[in-house]
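Across the two complexes that follow, chain A remains constant while its partner is chain B and subsequently chain C.
Up next is the complex of A and B:
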């Protein structure tokens, strides 16, 4: 699992978000358009792309893009 | 009268009189008021009258409980058992759970109750046309905008079981 690819996949979940605007330190809840639907879409993305079951609690505990990446990576 | 629903890891507890002051405080908070059609300040007396009006089988208001915390309110109100339809609504007061999977859990819990226990055939929802999040949320659940709503501020959306179950089964797999 590659962090750059993960950032691209994460950016694709958001409407109008360029992956180049995201860094590992980005606080993903601060990205414009963050919503319950985006949270659910990240869970779906983790499942479809990485085969990882992400829980709502995982997203609530994570703060940055890197945090999310580490959680998913640890479950592959 | 159904008083508690537990499903999808969320609990819906029917609104009781001892909780209406908490709900009134939530409802008067500007972060909630901004998305409500009725924006006037609600007094304790108004809340009490409102509760007397809705505490019956034509209205089901539930406190949403997650992680043992009371986080918001969800409802099906103005139920017409002849037409088999009612008006849905939800707000999440606790910011920790606002933009999470929990609103979907609560919505599925209530919608199942509406279609499977109340045997409704249609759920209506009015959404302010500037409430992009709510529009996306409801559309994702299968709600469709009614006809001739383009120039309406508080737009009518409707959900029927066939549209809902397709979406519900996809969402459940993510929980």
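Up next is the complex of A and C:
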């Protein structure tokens, strides 16, 4: 699993976010357009692209893009 | 693996009853205009029906059942069993199915049972009824399924109130030696019991003064402990993996070909989740009916309600091969495969 690809996949979940604006340290809840629907879209993306099941607590505990990446990577 | 096959059982008819009162999500006070539009486009729920304070699930199911018995021209003394599935019963005790036996004018020699399940409830109820009828000792049965899901929702909780609606349904099932029968898959994961829960009011946490305290959990979500908590992320994560898995297991076990199925009737959770499930199974859009737009998520009633509102004409006139799948509160889920041959589908009853 590649971090750069993950950032691209994560950016695609948001409406108008260029992947180049995201770093591993970005707090994903601060990205413009964040909503509860985006949270569901991240769960859907993890399932579709990586075959990984994320739960509500995984999203709630994660703060940065890197946190999400680590959770998904540990379950592949 | 929890599979079950009930030969010699036929689904004879379906009926549904909704309250007359309509709640429009575009007018929900907890939403800004932009929020309302986003909610409607992602969940697919534009409006729901709400029962007034004097109307219970059993009232709605009673109306649906009376219409169904009339349309089928069943004699009431032929009905041998009555299953009532709900999480909004009339009383904590006695079981509401006992009251319904009396109210429907059924004979005393009847098997009557309440089942406490929500989103998966129609599938489980159909299995219990089918297994009672499959060897022909009991011949005709009624499955009454529904919820007034809005009663335990806080009107100030935008994560539940705009999503749910109230409905009651009736399904008629009979012993018939000339049919293939009905086939099921079931599963449960109690580890997810808190994903959809009302914490107080049962006997783990009896009603106390604290139960009524309104707490703002986050902006737009204010509720007390007698009201429904919905962890949308957990339910979503669960639904998109377990619903497709259950249908695939059913296909493998009973050697069913996806292409031969006419309709896939899913529990109407919300459009975003249901479409994800449909796409994962690669089912064409035209085979997947939705009643979400006008009725929302009506808990255990969604599958029969969708068959009544979206498939009525076709089920009356044509043969159909149907897969239905229910998934949610418990966490509990199941799938069923059955064929229909020009069954009785009542016009939607309003009460």
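One rule holds in what follows: the second predicted complex is superposed on the first by the 76 of 76 C-alpha atoms of A that agree within 3 Å, B and C clash if a C-alpha of one lies under 4 Å from a C-alpha of the other, contacts with A are read in each partner's own complex, and residues count from 1 in each chain.
Throughout what follows, contacts are C-beta pairs under 8 Å (C-beta built on N, C-alpha and C of every residue); 3 or more make two chains touch, one makes a residue touch a chain.
Here the structure is a predicted model, which is why all the values come from computation and not from measurement.
Of the two partner chains placed by the overlay, neither chain B nor chain C lies in contact with A:22. Of the two partner chains placed by superposition, A:7 touches none, neither chain B nor chain C. When the two complexes are overlaid on their common chain A, residue A:56 makes contact with chain B and with chain C alike. Once chain A of one complex is fitted onto chain A of the other, the partner contacts of A:36 extend to both chain B and chain C. In the superposed model, A:47 makes contact with both chain B and chain C. Common to the chain B and chain C contact sets on chain A are residues 35-37, 39-40, 43-44, 47, 56, 59-60. Note for the complex: chain C touches chain A at residues 38, 42, 159, 195, 231-234, 236-237, 240-241, 272-273, 276. Residues 29, 34-40, 43-44, 47, 56, 59-60 of chain A are the ones touching chain B in the complex. Interface residues of chain B facing chain A in the complex, by the touch rule stated above, are 96-104, 133, 136-137, 140, 171, 173-174. By the touch rule above, chain A contacts chain C in their complex via residues 35-37, 39-40, 43-44, 47, 53-57, 59-60.
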